[in-house]
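Next up is a structure, given as structure tokens.
Labels run A, B, C and D following the written order; every chain starts at residue 1.
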Amino acid sequence: MQPEELLKKIQGLAPTLVEYRRDFHTHPEPAWKEFRTTSIIVEKLIELGYSVKMGSEVITKSEMMGVPSDAELRHHMKQAISQGANPELVEKMAGGLTGAVAELHCGEGPVIALRFDIDSNDIEEVKDESHRPYREGFSSKNSKAMHACGHDGHAAMGLGVAEILAGMKEELKGTIRIIFQPGEEGVRGARAMVASGVVDGVDYIIGGHIGFKAAHTGDFICGTGKFLATTKLDATFKGVPAHAGAAPQEGKNALLAAAAASLNLHAISRHGEGASRINVGVMEAGQGRNILPPNAIIKLETRGENSEIDEYMVRESMRVIEASAKMYDVEYDIKTVGGTKSGESSMPMVQLLKKLAESMPQFTNVIEYCDFGAAEDYSHFMSVVQENGGIGTYYMLGSNRTAGHHDDHFDFDESVLPTGVELNVRAVLDIIANHE
Amino acid sequence: MQPEELLKKIQGLAPTLVEYRRDFHTHPEPAWKEFRTTSIIVEKLIELGYSVKMGSEVITKSEMMGVPSDAELRHHMKQAISQGANPELVEKMAGGLTGAVAELHCGEGPVIALRFDIDSNDIEEVKDESHRPYREGFSSKNSKAMHACGHDGHAAMGLGVAEILAGMKEELKGTIRIIFQPGEEGVRGARAMVASGVVDGVDYIIGGHIGFKAAHTGDFICGTGKFLATTKLDATFKGVPAHAGAAPQEGKNALLAAAAASLNLHAISRHGEGASRINVGVMEAGQGRNILPPNAIIKLETRGENSEIDEYMVRESMRVIEASAKMYDVEYDIKTVGGTKSGESSMPMVQLLKKLAESMPQFTNVIEYCDFGAAEDYSHFMSVVQENGGIGTYYMLGSNRTAGHHDDHFDFDESVLPTGVELNVRAVLDIIANHE
Amino acid sequence: MQPEELLKKIQGLAPTLVEYRRDFHTHPEPAWKEFRTTSIIVEKLIELGYSVKMGSEVITKSEMMGVPSDAELRHHMKQAISQGANPELVEKMAGGLTGAVAELHCGEGPVIALRFDIDSNDIEEVKDESHRPYREGFSSKNSKAMHACGHDGHAAMGLGVAEILAGMKEELKGTIRIIFQPGEEGVRGARAMVASGVVDGVDYIIGGHIGFKAAHTGDFICGTGKFLATTKLDATFKGVPAHAGAAPQEGKNALLAAAAASLNLHAISRHGEGASRINVGVMEAGQGRNILPPNAIIKLETRGENSEIDEYMVRESMRVIEASAKMYDVEYDIKTVGGTKSGESSMPMVQLLKKLAESMPQFTNVIEYCDFGAAEDYSHFMSVVQENGGIGTYYMLGSNRTAGHHDDHFDFDESVLPTGVELNVRAVLDIIANHE
Amino acid sequence: MQPEELLKKIQGLAPTLVEYRRDFHTHPEPAWKEFRTTSIIVEKLIELGYSVKMGSEVITKSEMMGVPSDAELRHHMKQAISQGANPELVEKMAGGLTGAVAELHCGEGPVIALRFDIDSNDIEEVKDESHRPYREGFSSKNSKAMHACGHDGHAAMGLGVAEILAGMKEELKGTIRIIFQPGEEGVRGARAMVASGVVDGVDYIIGGHIGFKAAHTGDFICGTGKFLATTKLDATFKGVPAHAGAAPQEGKNALLAAAAASLNLHAISRHGEGASRINVGVMEAGQGRNILPPNAIIKLETRGENSEIDEYMVRESMRVIEASAKMYDVEYDIKTVGGTKSGESSMPMVQLLKKLAESMPQFTNVIEYCDFGAAEDYSHFMSVVQENGGIGTYYMLGSNRTAGHHDDHFDFDESVLPTGVELNVRAVLDIIANHE
């Protein structure tokens, strides 16, 4: 396909991309509840001729983190069906095994993975005429769910890329693997996908994000690094209540165990080899003023400049929590509810995208590299690919926004959707062309 | 009136006492919301010829503790009216100034106070055929409100006592003052009543409780002591949120301030002169796992074997909370939401009740004295009376129960209501007879 | 022996009592180092015809608490010999097995135990003309050792009692057992003596103290109660040092473990059934400002209104210390270095001493009973005697003092020494006379 | 002077350098006690024709940190005189105002500063035949003082450089300023020197260290960076003692204040912009097990990747200490006893030294740059020079050692002393030659 032809085809797809995006925006589904979203995506991919895997083929149940209760999942499965999901596909996702992986087999050649995340936030979308989705009637129909981070756009681009690539199969080589990831919010989904093998054999991987540090339409950041490794933990403490006046010695104080844990967690030694973080973000404890408190929960996260430092923080945290429970003779339980590895884009891939972006007139401000300084569980895919000898990068696709990410007024400039599709498609072509 | 005549009159009142009690049981009102209860009581007392005070005459607004929000009070005022309260009387109680004091002036002689508490718990009553109030149709109509401590019986007895005494006015001397106290639960109401002068000039005061340590019908405990002084505090901490990964140094951590406060509050030195207690019963803090937590609240209580020790605990607590806020550079606020003095029955009054109870065949097990070992804000009335040269006691009127106090299955043996009325009336007569 | 004759004999002994006391005062020996003191006592007792036990016969090594190092003991053994102790006797006390028990067997009859404590404080005696021992040349010759509590007087009285009783053996019945206890300071010695059986079979036990709450010559307190149970613990923490700047993550912080222990020890729940105490009195930790601290020690004590409460405090403390070590991943060790049971005098014995004291003209102010409110390890002897069916009391023998106990200016009125001897002897006679 | 001539002259000086070094090694003087060392240096500098400043001309008293007590200083002044110091010079240093600055004025041109530190450690030198200084008779004569870091070599090199430069004055331009700094150990001296203006007007500054990361003779590191900023604090807490059993409520617990401070200091938020450190390295508290502890001291240090981060840590620490004192109602005092700024060598100076070192055959392993990762208060001089528009570097002069720095077996290869002199002299010449 000639470049002009490709461009024209993508431009022709623009209204469809907006349609996809707005449909996803209207039906947002948070982590592990992307039943309808996955159903729509899978049906389209099958229609396009992809070999599609889903359910337990792409999610290892034991590695899922932060999974909602069965009752909650069942509720969302029903809701998804009532909003047009295919009941048979939904049933395959029972237990929250959402997301899908599509492959296009094009003979010998490199395995190229493209990753798009599809979950929404669990935020209530603002109902306000100043907010375009509301004004134009595509704001969220689901309570406590909103696409406030742009993953609706990512999912739409993923489908656009799938459609374009399927239409030029004869020009491709190797294997194109498109990953539609659930549960990126809370960095919960990548681990279970990786465990099921979705990046096995991958030579090149590309992922990215609309907006973020590329704050304006026309910006493009070719590579990102210093993804912090992070782990999300919930610790619960279970003691024994007692009348605080009459017999305090008969109680086991879970509130004080949680308080001691919180203080001592923050006192974990800094690490001499790089940045570490700890945050006990939430504590809830107790039943009443005059009852020795028998229950407590703390929600915390650790971070590390690299995975080793994060692991150090987790190891220390586990021990501090256990010791705090022992201190007050209470039982405890720790659940890992999220987490990802650190990550760093591969320079050759950054250069490849840079060359490509500089050739695209839509980009007026091409930036080679930026630090992420936060966590995104794409880094989990990328670091495993790199450990196995592959390379990868994470781009940021500039887009004007109406508010910061995760704000209930968030909206973005949809004109960047075809640009994103073009970038992904041409990157695939360049990779194939350059692959020795 | 001859003893037999008095006994007969009281027996005749028995069905009315049950009626009162069940009416109050059906329409329970927690602290500072006793609009209907007060209205019913006041109307009856006026009808009986008492001089009745209410609203700001009996409650000093600035000394009220643990008052619900205006919106909540307004809601309950409306509910009270819809359940039969007199709108004019309710309006006098705006702001939660519930409760009433009735006086019968009988010439020269002692001032004798009888105190009955009238508020309910904020418990949801069980709906279960095994529970008589439900089975017989007089269980609570108000959500999150239930007479689970017997104050419905106390209020009924108070009206019974008022009726009997009004009918024998010519045989009485001095002043009979009947106090219907709101907000005993959470020990919130006595202070505001005392501040308004309701025990000024009192020579003798009697109060008591159905059940408690007098666990069976036929038991009677003549005096009670070692009421612990107590204070109830809410401390809030207000910091500054920050992204826990990117810029933790920009936050002010309210959760850690609350955790440090909790630990160090429990480390306040024991007191060499008697028992002290501290309990941080509830903590809630934080907004999300990855946000440096900018908010926290702790709900605590102190206790002391005497008021001085409780004051020591409060003074220390105030400083620990202030210092904890300073430790994490956050703002704080402390609200006193309840509290009462310690108390000890006066031996002469205990002896008077003992002689009386031993003469009443209903009592098969008369116990002179027991330790209370907890808090009841009657002790606030009694200790002020004693400080001013008067004497008082607190009795326990045995009654079979179906469950412990504050349990959602609580019910008691209504046959003790006339016994309680008789005891109060005869105690008044004995006091008058013995007053030099 | 006629009373007058007895009195005369005791009066004749007065100069000898002062001589004994001043000799002990000049050669004070702290806990487990009473080599010379014991040697002097044992030689005298043998001379008087007593059957004397010492060394491992009266001290169970494994139950000794707070024992000095071998080197220190060896040093004091040499010093004792250089100050006149019998080397053979000293050798029997190797390892600190000081103290002695003397028995006078007088046929059938009750076993009566009299207990005198003999150790000094480890205080440096003041060198000051205003201080009689210094002025008159009998102040301490041993550095960091001084009889500042009156045990020199106790030991002297014990020898006086032994002499008088030996001289009237034919008038006595049963067994007289005189216990010379080491290591009362720090409540360290009684447990090891009890374990060796020194109060086995005892029907009556008497012990007492010069001064204390009987502040003036002429005072006598017949019985004492509310001895607090107490336990003395040393906890050491052993971590790993690290350069605090370069590699703090490689260290294990013993200082923070000790700090966490200290705070959480003080936060142990108060006990609903009586007074409890905890005090971390001493902490030492660390090696230098820039080294992550690998070492720490805390010295603490618990107390309880009764032994159960003290045991509760010890149990909780043990767990808190273990948990604090775990919190910082350091090793720990807890040593029990002192402790005693709670105690309460037996009323019949109190009455016996009261009757006796009221008959002695030296006593102008006889007080039946007082609370001790502190710890004395006599209570260990007494409570074991009581557990086995015997009875006992603890008296206080009034004496004018020049300063408080444990003050480096402490001195007392020696004229009370014969009074104390008389009281003990006559108590023995009264017990024998009254024994059924 | 021709290069060969210079080299010859320096080689001729070698025995003198060793003599100087061994004399300093024999008479080590720790921070602020370098009375003899300074006296020897000043007399030599005057002899060489330098304009010399000392005492209050080079030390601003109010900025001195960690100064010993007057008594201690007086003792060392006497000792210095007894070891050959000039009494008049010593008197000028009263109060610990040690150190000196020498200037050679050579007309117009740059101001070039060379800095040498002269204090010893406060370590007891090993007495062991395996230790050359002991074996050859030049080990420390002063107790608790030893040159275990190589500053004896630095001082010797400083005198050597002074002698060579004085001998070639006509070839020089501008001003040569040689700084002999006291109190580098504990990073205490630079601040007081800088405050007195010793680096005012400096265009180029050079300092360095024997050994350290240049572990072998032949190594040379041209520039060093990432000096951590650090601050050393002593915090004392003063409470009120009380009998821990009888009246704990009357005490004010300094031990718990120090424990709370220690935990919460370690919980100070990590900083998002770079590495921070905190270490409470030492705690001592309390007087006895059964006394509520009225005294405590903690010795701590903060560090920061840059001075702003260290200042953040200090600011937070101050508040935590104050709040901990308030928590336990005790008084507190904080003393800054040491500290320095962060630092980074200037690249042009690094390059200049690199070119020079590569031309010197003594260096077989020239390394351009290394991270220091610790604190040295040379960084205080250098960063102030840089703030004022000058440039500077810090080199490491490789030398075989017998043990690590600060080890009581430390010794180094004296053959590097002339090499160090040559490097400094030629650096001065190169700077002058290159100065525009």
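One rule holds for everything that comes next: a contact is a pair of C-beta atoms (placed from the backbone, for glycine too) under 8 Å apart; a residue touches a chain by one contact, two chains touch by 3 or more.
Labels paired with UniProt names: A, B, C, D = Amidohydrolase.
All values derive from a computational prediction rather than experimental measurement.
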item	value
Contact-richer chain pair [A-C vs B-C]	A-C
Interface composition of copies chain C (Amidohydrolase) and chain D (Amidohydrolase): same or different, split at half	same
Separation of chain A (Amidohydrolase) from chain C (Amidohydrolase), taking each centre as the mean of its C-alpha atoms, in whole Å	70
Centre distance in Å when chain C (Amidohydrolase) and chain D (Amidohydrolase) are each reduced to the mean of their C-alpha atoms	54
Centre distance in Å when chain B (Amidohydrolase) and chain C (Amidohydrolase) are each reduced to the mean of their C-alpha atoms	51
Two or more partner chains touched - positions in chain A (Amidohydrolase)	245-246, 248, 253, 256, 260, 263-264, 266-267, 269-270, 277, 292
In the complex with chain B (Amidohydrolase), residue positions of chain D (Amidohydrolase) that touch it	245-251, 253, 256, 260, 264, 267, 269-273, 292, 312, 319-320, 322-324, 326-327, 329
Interface residues, chain B (Amidohydrolase) side, partner chain A (Amidohydrolase) - complex	228, 230, 232, 243-246, 248, 253, 255-256, 258-260, 262-263, 266, 277, 279-293, 296, 299-301, 303, 373-375
Footprint of chain B (Amidohydrolase) on chain C (Amidohydrolase) - complex, ascending	263-264, 266-267, 269-270, 272, 275-278
